[in-house]
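In the two complexes below, subunit A is the common chain; its partner is subunit B in one and subunit C in the other.
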Partner chain A sequence: MNYGPLIFLAAFFALAGSWFGFVITPQVQMGRQQPTNTLGSPVTYPVSRPGLARQGLQVYRANGCADCHSQQVRQSGTLLVVALTDRGTNQAAVVAALQKLKPGLSGSDAARMLQDLPKPILSSTKRQEADAAVKSLSTAGAKAALSIVPQGPDLERGWGKRRTVAGDFLYDNPVLLGSQRVGPDLANVGVRLPDMNWELCHLYWPRTEVKDSPMPACRFLFEKRPIGSAHSPDALVFPPGTDPAPGCEIVPLPEAQALAAYLVSLRADAPLFEAPLAPIPAAAVSTNTPAASGITTNAPTANTPKPS
Partner chain B sequence: MSPDRASSLPLPAETAEPKAVDVAVPVGLLVLLLVLLFGGMVYFDQHGAWFKPEVYTPYISVADLQSFQPPTGGINLERGKVVYESVCGLCHNPDGAGKPNQAPPFAGSEWALGSPNRMIRIPLSGLNGTVKVKDVDWNLSMPAMGAALSDDDLSAVLTYIRSSWGNKATPITAAQVKAVRAEIGNRTQMWTVEQLNAVP
Partner chain C sequence: MNEPGSNSQTVSSVTRSSVGPEVAEADASCRTPLTALFIGTAFWIFVSSVLALVASIHFHSPGFLADSAWLGYGRLQPASHESLLYGCCLQASLGIGLWLFARLGRTTLSLPWLATAGAGFLNVGVAIGVGGILNGDRTGFPSVDMPGYAAPVLLIGYLLVGLSSAMTFHRRTEHTLFATQWFLLAALFWFPWIYTTGQLFLVQFPARGVAQAVIACWYANNFQNVYLWLTGLGAVFYFIPKLTGNDLHSRYLALLTFWIILLFASWGGISASAPAPAWMAALSMAATAVNLVTLAAVGLSAYRTAQPVPRHGPSVLPLRFVLFGVVAFLGAGLMQIVGALPYLSEFTDLTWFGAAREQLNVLGFFAMVAFGAIYFIVPRLAGFDCLCPKGARAHFWLSAVGIVLAVLPALVAGLVEGLRMRNPDLGFVAISQGTLHLLRVSTLGLCLIALGQGFFLINLVLHVIRSWRQCAVTTYSTVTADLFKPAGVKS
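After this line comes the complex of A and B, so read on.
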């Protein structure tokens, strides 16, 4: 019997099926994504990277950085955190409301919770529960803010504030997600380490900045030259006691400048509809400053993302 | 080894060739597969969000994602400013001072500070004819610039106008805009000052 047509059909459908599933379906699903507004503000996100950073993406790609560094933050869940921001005037009513929210809380403990505001009161995964808590506290005269706090091992390591989504990579070509984590995730490295000099020193000699770093030094991206009549303005400033070449200066080549600009531009932390986020109001640093609640604004407190 | 010696050894009995026979697949296995398939479908239906592009892993559906959105409280003045500068500010000036022979001012205008019902109507259907603003007669025609804006955006921009450049009037809510929209229906004719003055 001639199995030729059958084998042809089987191969055809196997390839067509995978093309349909891996190419066409994702294209239909999210191929037309556009920049959107971040939550609660008219800021457009994402914006394309500056020109130098766009060149840096190609340096990142050419040097295989994506072999050891991922750019995708994962999230395992989300918590709704109710934080008390203003205790109001009727302390007894607020204490009663707190005790109702947290059964078994003694009156003195509840009164102690009213110190050092803002303070997280309740964490929940159910919106109804959190909304009810905010309502009961505001009925008692206090002010409470609802924060949305993404959770997960990656976020605990400080690799981001929320998971990364497709919209974060809208202007990247190619998208360098990476699949291994020999080094830390870099989706938010521009938020953690925004200093160009730090990035360049770390590229030249990783061990000066991070002890025991296994990262290979990218010395070929730098030029080592004797100091002339004056320092080059671009020369690296190493941390004290770690100057790798006394008497010489290390000047980054354009590729290194571009790569560092790209790293600094990596920040995927804007609150989006598909990855909501609202930070817990930060505690006031000094008690001498007038309370921010004295200024009447229409802006909801929980809604304004911290400028980063 | 000589051939003689080999032939003298007794040969072991040959095992029979394996043969394919028809055996029915156990019914229990089929049932188990069907149960697993059904369970998988139910799980997909409940956690897969049906390929919605905005739903990512920790969230299981659009409704679940909605429940984690930050609260949108009050009227967003920041949004109002953006809408004002893109829609109104070209003629009325970004600082609300108006432009001669183009548009009357908002700052201190009795129309901007006055009845919300009249103010909401103007961007929804436009305004034609002579209108007196701060003791100056303006004989111009304004198209229905706000008809295409959402209730939220229109209320935000009107509230921005009523609370900027020294104006201190009550905010206009999205519900008020919605009510006026329902009242005037699909009117496309521009208002005149007399018609607006008839509105409370």
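After this line comes the complex of A and C, so read on.
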């Protein structure tokens, strides 16, 4: 180790290795990713955000929202739920199939399970087990639906329906995943809180909407002016009893409008091949293919600001 | 070459080779560029710690400074972070590197004017970058947050100083390399590659989709856990033997550390929660686990080399800084491994834990080692010691206590947050409110850190002024010596 060139070459090859691994390979692997159809439906996902929301991403970047808010929903696993949707005509065979699926189930209990359909009858983490259950029930003449329910603390908290995947950010630049959760995850904030007025009031003074919120207020995105003869149509409507500036009206600046539009456009909940999702059927839908209802995307229709 | 033990510590008793210049001459050649780099270091760490303090007040009072965009948390925090990384750490690493290349190569600094110009570019670049962030032009990627227009200035500054370093290394008269030189040489080459990659693929011609996030993680990891480790540990392997007067315990442990960092550390940094292909997080995790070897080697080497620790003399204070840095390095390294392990990372990811780890690594390890080195180098540049020892001691204690107070509560807050997040019935506001009292202690720590850096800046500036005055007085008395001689003794 007494030669400068040797050390230089060592550093060169070591760095070249990790450069090819983590700079070039991700671009080869993900750089040409294309929008795709959502699972079981011809709807394209993702679609580009509307113009105002794209401007909002720049406000989000400039003011460091990503320093406190992540956009990555984590998922610890997937639960497969088999729900009986139609008992068919041969009740005895279905009861026998149920008893085979759930050893120790008495005949009368099994017969009672056939009431009030659809009803989840089996939860499993193994695909083969769930498929076998669906098959044995359909052999008996009944119809069963296989639901895919992603699991994890983030999802139970209501921050999303499935984990975040690379495809969710296809049209975003910069991609701000965030590295810390001082505030809640925002990957699906547009699903949870689709109201523009709510977002704007929350930006102006977070505690009007969320009690004890530690989020810094963003009053610099708004204009405060005395109510004149004409009330501004854009002025914020605060929840009763929380008006932080009585006698004045709070009008959002274009940056605030854009940021709120961006927040409302954050909806990463489409079922995808790499992150499957199929809700447990609630109504009496009779199908034994993975249901693909409730598809919501960040399509422009969802983002039109509500006139206030 | 010989390990830098006590023999070569003082100017008078050197074991230099016959062809090399005097140590004093070599030190004097570093004077102008290093003074510029170190004053810049002290200035930017002071700015950074004040910005961090103001940013953290936002947590305790949501309405604080809410009417000005440029004083919002999301601008102050990155401004503080970037001025710490580029203003303080990058400049300090370059300054210490220049001096070590000259000292270990037994040569004078090559092209000192180029290094001085580089220091100017670096400071202007950081100023433009920090101004840009406050103006809302940040890129959004932590560690690459400075706007694209600041990057060329910063890079030119780095390349100018780097060229001077490389030339100094090339013109060395002592050809046997000491461990420190491996680390510094690798780091010298590392930074321009990762920095241009970060700028090109994230800012100038952004990659598409999540590849951006992966590259941003790669860059941040390579800067904080490879570049800063290489330069910081390079300094540790020089200064612990130097300051204690002992020989380096084992050249092979240093060699092991060097190779492990080179081969594995640059693969870390991709978190398991990121929506990226799973092999990346898995590879990252495995590479991070190997860092345990680095920690063991550095810990053992530092422990064995530092015994017995001197209790008196001028080297006690710099040594304290360096040893604090080594302990912080071990702590930060352990936290990094814990944060990467598959089960534990579910608790630590996306919480205060990561921020605490980064602060311990950058401020606790690198900056503290750099302060120790600066307190050692600065008196040698001027040829006389005008640093106020009380100010330096205050700097050490305020920084050390401040870092512990800032990091430990954030670490606990991260773990508490991670555990509570597992319970979906607990509202998020309740969870974040539950960490607030810990963050208050953290803010107190930041307050002490800022105060300590104030002492550092004042001490360094006063030292420069005093040494200039002393230089002027010496020069004046030499030049005018003839004028004031009694007329009778004219020869």
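As a convention for this text, the second predicted complex is superposed on the first by the 271 of 308 C-alpha atoms of A that agree within 3 Å, B and C clash if a C-alpha of one lies under 4 Å from a C-alpha of the other, contacts with A are read in each partner's own complex, and residues count from 1 in each chain.
Here is the rule we go by: a contact is a pair of C-beta atoms (placed from the backbone, for glycine too) under 8 Å apart; a residue touches a chain by one contact, two chains touch by 3 or more.
Worth saying up front: this structure is predicted, and the values here are computed from it rather than measured.
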Partner chain in contact with A:Leu146 - subunit B first, subunit C second, else both or neither: first
Which superposed partner A:Lys211 touches (first subunit B, second subunit C, both, neither): second
Contacts of A:Val165 with subunit B and subunit C, given as first, second, both or neither: both
First, second, both or neither for A:Ile227, with subunit B first and subunit C second: neither
Touched partner set for A:Met30, first subunit B, second subunit C, both or neither: both
First (subunit B), second (subunit C), both or neither touched by A:Trp19: second
Which of subunit B and subunit C A:Leu9 touches, first, second, both or neither: neither
A:Val237 touches, of subunit B and subunit C: first, second, both or neither? neither
Which partner reaches more residues of subunit A (counting touched residues only), subunit B or subunit C: C
Subunit B versus subunit C as contact partner of A:Arg74, first or second or both or neither: both
Shared subunit A contacts, counted only where both subunit B and subunit C touch the same residue: 29-30, 33, 74, 76, 163, 165-166
Complex contacts: residues of subunit A adjacent to subunit C: 1-4, 7-8, 10-12, 14-15, 17-19, 21-23, 26-27, 29-33, 61-68, 70, 72, 74, 76, 153, 156-158, 163-170, 172-184, 205-207, 210-221
Sites on subunit C touched by subunit A in the complex: 58-59, 62-64, 66-69, 72-75, 77-78, 136-142, 169-170, 175-177, 181-182, 185-186, 189-190, 193-194, 197, 201-202, 206-215, 217-218, 222, 255, 259, 262-263, 266-267, 270-271, 273-277, 280, 283, 346, 349-352, 354-355, 417, 421-424, 428-429, 432-433, 436
Subunit B residues touching subunit A - in the complex, by the definition given at the top: 51, 53-59, 65, 67-79, 82, 159, 171
Parts of subunit A lying in touch with subunit B, wherever the complex brings them together: 25, 29-30, 33, 39-42, 74-78, 80, 126-127, 146-148, 150, 152, 163, 165-166, 271, 273-278, 297-300, 302-303
